[in-house]
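Below are two complexes that have subunit A in common, paired first with subunit B and then with subunit C.
And then the complex of A and B:
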């Protein structure tokens, strides 16, 4: 018993180390003065300072955050509406539509990206931020629908009926009862949409025209050209932002059921 | 205070009739219990009055006005749900205030009426709690206060005490009755618990397969059930099958019982040769070890004896049938299984029922 639990704990630490040691090393080297990653370690935030004058990276960062925010708003709104429709109404083809939600999560992004590139070319949507945004919305919608749908599955329908018997119009019921109770699910779905968009590389890469990039695409380009610890600095920033968003998601999503 | 009338209500789900031509009137200020097994239509009727179910045929009238086209929120009803359906994100006070706020009542009035309603259900001091921080009984009081604070025309209760344990249930039955009397609101409640229906209601209706089997004051329905279903659903009953052999000059009928022996009872328009089904409540049967079999007295053998405090339940084999009876625990002690006994009853306690 004692030995078993010690082994399990050791195993857990090994797994965590496997996941996080490379990240920690990368983050630490971002604060190292040497451009060639030479040791010994010498603390210097020079690469973060360099970032502030790297307009290409800053532009890419602004694009990424902007697209992620707009994507979050659109995908969350559409996804919540879709989840409500799935939960509340029965209509022709509902089961098929629900099943079709899952493959986009499983299909390799490379395939989806290629398909979108071809499709957008075919219907004459030019490569650019708008095309990237469309791609991101399509990609993050299923996540929002699944997350909000999970919240709706345990939604106590009787409270809406209770509100109606108390004299609340359907709109009052939605605003004062349904929406507040659904909020944790919607926020969770929204954070998912943000994370999916912000981290997205393949689709952004395919749909970005020359000269316009998002942060992951820009980093990819920089690495191919030969890089400095500046990349470590920006990567560290991305990781902090992404993990912050995901931790928030986990918090809202986990505790959502209990509020 | 209002009257509610339902005329010729029909509601079908697929081919199954949840309501099959139901016509009934709920009088001003009365507490009316709808009783029946699940799927008997009682809940459908309640939800049709609330406006959640639209009828295929027939009408619901509140104070003589057809509410067929009126949406739920405009019907001015109060409803208490099975699991209370309190708003989990609102405090007790906010829950109770909801109905007044959506009606746009001024803030001082809302505060005053919320306090009155919470005082009525004896929940003063818990205004700021969330529903989750309350016990089942307290949640129920909140639900009741919330339903009554808007002064609705009708109060609808869906299995109001179903989620409470036995002790709390009895306490809440008394409480519910007190508040209902105090407010004087026409109240319709659904239950599958016969004891609850008997103790709470001014009148009851027994439902089965979407139809009203019998309607009346609890004692009347209990003492004079009209069908085998009504007799068996409300309380317990033994059923004695027999054939009428003669009608006496005083109007009583002589019936040869299938289990052996003879009964004398009152029939409605019976005639010799006719087969009849008679219901006999277990508590109406006398058990003795030293009397003779005869008319309304049959010989049997005790199968088993269950002592349950204030009374003892006997199961007695009589002919090819097993008769159940309850005997009050006076000082006489119990009769041992295997004993030969005689069961007897008064002619008034044999009630003719339709099978």
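And then the complex of A and C:
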């Protein structure tokens, strides 16, 4: 059993190496002077400097961040409202409504993205940032509802009743009792929503018109033209941002239950 | 918990209405529109009026090339899922039952960290490892200096490696959650009743973690079958999948109805496979 435990731990370390080695290699080569990734490694931030004058990538970056922020606000608000209704009331159709959250998560993004393309064309929503935002919120909503709902499941309702009994108005109860208790779940859900949008490629790819894109779409186009260390540089920035958001999320929302 | 009466109904509607209206407009109506589109004889981009037809579904039956793509995609999904299970399950077991305390917290976070980072960027990072002269090539030449240049990029294994890298955290996450829920006292009880490690795993630990295994497999199999970006970047022309064919119908040839039909055939096949495996899985879990 001792040997088994050692082997399992060694395996876990190997898995972590498998997950991180390519990302580290990519990040390191972004700091290499050679445009052809030639070795030996020679440190030079030339590719990061090149980014500052690449207006197409900068525009795409601004779009990505902007959409992610608006997406976070909308998805967190609407998602928290729905999660509150699910936690507070039992009503007919609730189970079905909760089941309806699975298609956006489970159906391949390729199918959802192309379906949006077809439907938006029919109802005359033009391809562009607005259409992309519509899609991102749809993908974020189920995550927010699930994350906030998990927090509400352990919510101490007695505290609210106590506040009401002690004479607090419903608004006072919400502002002084419910909201502070709910905050970690809502912030966790919001950070999830940000990550979903900021990293989303497939939906944006089908809904982006020529010229107006988000970062992942722009990078995909660049990869298909050929690899340059500039892609490494921007990819490294993206990885750092999304991993940073996730680390923040971990502070507010505990993954995997009790530890 | 309050029961819905007339007064609450308005509140419930006001709270859930906006979210579900949004989902209706962006998910459910588009999927219905897509299904309708798959029966149209002309692309919606063509101004002439279209009529209903089954020809796109017939085309799938008549043209073996698309059936081949479907089989390849399903096979790719199965291979990726099995690889994720073989690699991910022991990792989840180590995380849930061997490693304790702060290390567990840190390593768990390390596993889920790539989970949300950009899949496109992670796929791109593999081109850095697999391309000629990349890390894999260099590593081989350290061991065997005379080995011929290794060209792993644009091959089937490259696609599998990239997809496993993308989806492995799902499997570790779901298996970890169900393994962690197994009470250590259950394992102690089996052990004190004389179960050896092998039997303990086969008869107790693995069956109890089956829900996690199944959830992880479904979460990986479905998107892996529908993948198009990873095969395109890592597989080049060799990694042809049904997902790539669907993407082409929408972006290159603009034959939307055929692309829609292929999408629904793919969804149907995936659903059938999940339904076919479900009774066996349930029987296994009831046998606890």
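Simple rule for what comes next: the second predicted complex is superposed on the first by the 252 of 259 C-alpha atoms of A that agree within 3 Å, B and C clash if a C-alpha of one lies under 4 Å from a C-alpha of the other, contacts with A are read in each partner's own complex, and residues count from 1 in each chain.
The rule is short, and it goes like this: contacts are C-beta pairs under 8 Å (C-beta built on N, C-alpha and C of every residue); 3 or more make two chains touch, one makes a residue touch a chain.
Owing to the predicted nature of the structure, the values given are computational and were not obtained by experimental measurement.
In the superposition on chain A, A:119 contacts subunit C only, with no contact to subunit B. With both structures placed on the common chain, the touch criterion links A:23 to subunit C but leaves subunit B unconnected. When the shared chain is aligned, no partner comes close enough to touch A:31: not subunit B, not subunit C. Residue by residue along subunit A, subunit B and subunit C are tallied for touches, and C comes out ahead. When both complexes are overlaid on chain A, the residue A:47 reaches neither subunit B nor subunit C.
In the superposition on chain A, contact is made by A:220 with subunit C only, not with subunit B. With both structures placed on the common chain, the touch criterion links A:143 to neither subunit B nor subunit C. Taken together, the two complexes place residues 259 of subunit A in contact with subunit B and also with subunit C.
Of all residues in subunit B, only 50-52, 71-79, 81-83, 85-89, 98-99, 102-103, 146-147, 150, 156 touch subunit A in the complex they form.
Contacts from subunit C toward subunit A in the complex involve residues 1-4, 8-9, 11-12, 14-16, 18-20, 22-23, 25-31, 33-34, 37, 44-45, 87-88, 90-91, 93-95, 97-99, 104-105, 107-122, 124-129, 131, 133-135, 138, 165, 168-169, 172-173, 176-177, 180-181, 197, 218-219, 222-223, 225-229, 232-233, 243, 246-247, 250-251, 256, 259-260, 263, 266-267. Remark: subunit A residues 156, 158-159, 161-170, 172-173, 176-177, 180-181, 259 touch subunit B in the complex. Residues 1, 4-5, 8-9, 11-12, 15-16, 18-23, 25-26, 29, 37, 39, 78-79, 81-82, 84-86, 88-92, 97, 100, 103-104, 106-112, 114-122, 134-135, 137-138, 141, 145, 192, 195-196, 198-199, 201-202, 206, 216, 219-220, 223-224, 227, 231-232, 235, 238-239, 242-243, 245-247, 250, 255-257, 259 of subunit A touch subunit C in their complex.
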